[in-house]
Structure formats: C-alpha cells, structure tokens
Amino acid sequence: MQQWIKILLIGITVSTLILAASCTPPDSNVGSYAEDRALIEDLQARYMFALDFGDTDTYVSTFTEDGILDIRNGNPWQGREAIREIIGGMSEREEGQPQEEPQGPYPATGRHNITNIAIKIDGDKATGRAYWFHYGNNNPERSADVDSYGHYEDEMVKVDGQWLFSKRVIYNEQVADWIAPRENPCW
Amino acid sequence: MQQWIKILLIGITVSTLILAASCTPPDSNVGSYAEDRALIEDLQARYMFALDFGDTDTYVSTFTEDGILDIRNGNPWQGREAIREIIGGMSEREEGQPQEEPQGPYPATGRHNITNIAIKIDGDKATGRAYWFHYGNNNPERSADVDSYGHYEDEMVKVDGQWLFSKRVIYNEQVADWIAPRENPCW
Amino acid sequence: MQQWIKILLIGITVSTLILAASCTPPDSNVGSYAEDRALIEDLQARYMFALDFGDTDTYVSTFTEDGILDIRNGNPWQGREAIREIIGGMSEREEGQPQEEPQGPYPATGRHNITNIAIKIDGDKATGRAYWFHYGNNNPERSADVDSYGHYEDEMVKVDGQWLFSKRVIYNEQVADWIAPRENPCW
C-alpha cells in the first residue's frame, strides 16, 4: 500500500473521531442555557396559575418530593405533603369564609405575577431570583388593585428532564418580618 | 490489500454515516422548545406594542389569515379583516371622542402587559396561557393606575417559520360575563 | 490498489469534510435567537435588581464601557463613569434625605418591572423594546402602589459572549417631556 494512502486513512480516522466527540446530537439543545431557562420560565408560569386557581395538585407538583417552601415566617415547610397541607388549607379557609369577602356582583379573584427573572444554571441545578406582585378585585366594585409585592429566591433541580423547585424563599414587602435585606440578592 | 485496512475502512464508513445521520445542522435549533418559546414571547410582546400604540396593521398581522379573536362577548371575530374592523374601529372611536378624556397636561396613555406565559408546543402548533393586566394615566394628574386584568387562552401556529395567533380568547375579571371559570385553565 | 477502494476513500473524505463544515459544535447554540434572547432577558432582570437594591457596581456593569443612558431629559450620560455618577448619586441622595420618607414601620422599597420584551438580533447586535412600570410602598401603611410606567428603547451588543446595553433610552409617561411619541416604537 502506498504511503500517502496510509496518511490519508489516519487523517480521516482522526478527523472522524474528533467529529464524533464534538458533534451535537439532535437532543443536545437540552442543557443549553436557553433551553433550561425556557423550561424554568414555563415552570414559573404554571406555578402561578396553580396557586391562583386553587389547583393544589399542580402547585405541589412544581416542587421536588423534598422541596422547601419558605415564606420567611420562621417555619419553612419541607416536602410535598407539608406544602400541600398549608396551600390546600389556605384554599379551604378562603372557601369557608365567604363572609370576609366584600359584597360584589361575582366572585373576586386575585393573581400573582412574576417578572424580572434572573437564572443561573449549573448542569442539573439552577438558582433563580425574580420579582412577584399581586393584584385582585376583592372589593364591592370589583376594581383592580395591586396590593402586595416582594421577590423570590429559588433553587431548582432538573429531575427526569423536568425542572422543579427544590427551595423557594418568598420575601414580602408588606409584612415587617418578611421584607428583603437591603443588599442586592441577585448578581 | 491488507485485512486490517479493509476493517478500518468499513469502520470509518459506518461511523461517518452515523455521524451524518445524527449530526445537528446549524439551523436545527429552530424547532427546539427554547427557540419556539422565544419566538412566541416575541410575538406576545409585539402584539402588546401594536395594541397600545394603535398600530392596527401590525396588530392584525399577529393573527393568521383566518385567526379568531374572542373577548367572551358571545361574538368572536374571525379573519384579519374582521379583526381589523373591530380593533381599528376602537382606535378611531377613541380619537373621535376626546371629550371623554379627563383634562390633563398631555395625552393620556394605557398599556397592556403580559406575564406568567405558559406554552406547550407540538410541532407547528402551540397552546398558551398567560396573565394580562392594564394600567394607564387617564386622569387629570396623569398618575399611574392599574385598572383591569384577566388571562389569555391562546392557540398558535407556525406559518413559514413565523408564529401567529390562530385563536386568542381573552378573559377579563372586570366584566361579569367575561370572567374566568374557577378551574385552572393551565396545566 | 483496487479502484473501488480509491472511490470509497474519496467518498469518505468528501463526506467527512462536509460533516466538519456543517456540524454544530456543542457551544454553537450561542448565536441562536433563543440563546441570545435568553441571555438578554437575564441581563434585563439583573439590571432591575441592581437598580432597585442600590447595587451601583452591578448596574453600571450592564452597560458597555461607552454605553449611553438617556432618560429623555436632554442630557444623556455616556460611559460607565458618567452613569455611575448619576445612579450612585441618586442612591446617596435618597439615603441622605430620610426626612422626605413618610413615617412607617420599616424602610420603604420601590421596584421596577419589565414586561413585553421584543428583541431583534443581528449577529452581535440587538435592538430591544419593552415596557417598564414601578410600584412601591413609600407611605405610612407600607401599602403597595403602582406609581409610574413607560417603555425602553434599547441597543445591545455582545462583548466576549456577554450581552450589554450600548444604549438605553427610557420613556416615562409621568413626565410631560419624557413621554413616548404616538407611533408604535416596536415592529
């Protein structure tokens, strides 16, 4: 065999191996910053719908099995069952106390919104910061009113391709004990 | 020819073919969840600018040719021309009735905002849920005021690489007949 | 050497070269619309945290070295040092004038939010439009209140893989000289 053929063969082999090592398979977008961020933004949105529409099952499922919900009241809840109890309990109490709701032409609603989502991703773990604010129409005229706001400090993990909250800490600027420290919690 | 050369050649051929089959071409990000979601978020933002700044042409172009706009008044509009008529008509009526605007030092404005965007994508079709709220300064002092909110239930299709609304249903918590049902409209 | 071996070798060489030219390396997601948009959304969020929490260093670092901040007062600031002076000065003035803050049970806060982010990307340059609004609780009851809004017109550049503001123009609907023109600033 001629010498140049041998060199050619070795060259092809090496370049093929380099290609095989560096080439992006079709599903490799999973893991890009954009892909992970997109999935986390979707999680954040679904969390809000579940919270505001009293969908406790979905709300709880946005946390990991041992996820932590901490509203800065000195008593964080850990685990889906603990979170279900407190969130489900809130909905039940609301339903059981219609007398506290001002008279109005139809049921009042309240909605939580998320903005300013900053996310750092490190493999299957992510750290998030975001603002939240709430408006509702719990008044006789059903007029819209912003009534509270704060920020989130989140830890998330990717479990079986799905991002979940492993820890959500909620700061609230309407309650003295739950307000944010002065320093920037973001980066 | 030596036997090992033949084996080497076959090996290279097979690995090259596998590479050719699995390798991601540069434009293959189109179609990833992140890419589609990014384009839909952009659509949602451009829709809002067009709505609030009275840009009827752009507003109408965010819908498919036979797209449906349904504000829950029992009378959905279908098709760009029908949508143009109702949206363009709104702007004209506003311009023709300055007497309804409170006195103020400069023209009042109103702005619609979108938050909590949840999106499911299935090929060239997408389903969306999101919150909207509106603030404005239509008062003598031009002070900012949130005055209404609700949510969107969207169906979108990708036409020639561009995402468009094929159906947008708008729920509004300030009008008894347009409020959302109690159950979670998201997933 | 047999003829078919030569043809095979040439075929492998050509297909390997095509692969090498077309194949997406792992970091090539950088540059997709989704990836750039994700990074810019993150920039927008971090800007807000830095602004509201008085983190001048981080705020300034969201601009390019010769970046421009223009709040439509006829006097745009250019360069990080000029921006630092005006933004840092604002924080100091606020800290130096507690007498202007209404009495309350704990320090008042204010928060800027961004929504409706439209972004066009052209290589290492990007053009953005978005809405902003502000709420705070600077009142004796620390109750939440939306008090101002407007929109951003942004130019951004990618420097060493990081998106930065090269120019941010801020329109504000609460000040007669700073309001937006009537025509749609978006596309």
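Worth pointing out:
The chains carry the letters A, B and C, assigned in the order they are written, with residues numbered from 1 in each.
As a working rule, contacts are C-beta pairs under 8 Å (C-beta built on N, C-alpha and C of every residue); 3 or more make two chains touch, one makes a residue touch a chain.
Computed from a predicted structure; not experimentally measured.
Of all residue numbers used where chain A meets chain B, under half belong to both copies. The two sides are thus made of different residues. Remark: rotation between chain A and chain C after Cα superposition is 120° (nearest 5). In whole angstrom, the spacing between the mean C-alpha positions of chain A and chain B is 21. Looking at chain A, one finds that residues 1, 9, 12, 16, 19, 23-24, 28-29, 32, 34-35, 37-38, 115, 146 touch two or more other chains. Those residues of chain B lying in contact with chain C across their complex are 1, 9, 12-13, 16, 19-20, 23-26, 28-29, 32, 34-35, 37-39, 41-42, 44-46, 48-50, 53-55, 58, 105-107, 109, 111, 113-115, 135, 137, 142-146. On the chain C side of its complex with chain B, the touching residues are 1-2, 5, 8-9, 12, 15-16, 19, 22-24, 28-29, 32-35, 37-38, 115-119, 129-131, 133, 146-149, 151, 173-174, 176, 179-180, 182-187.
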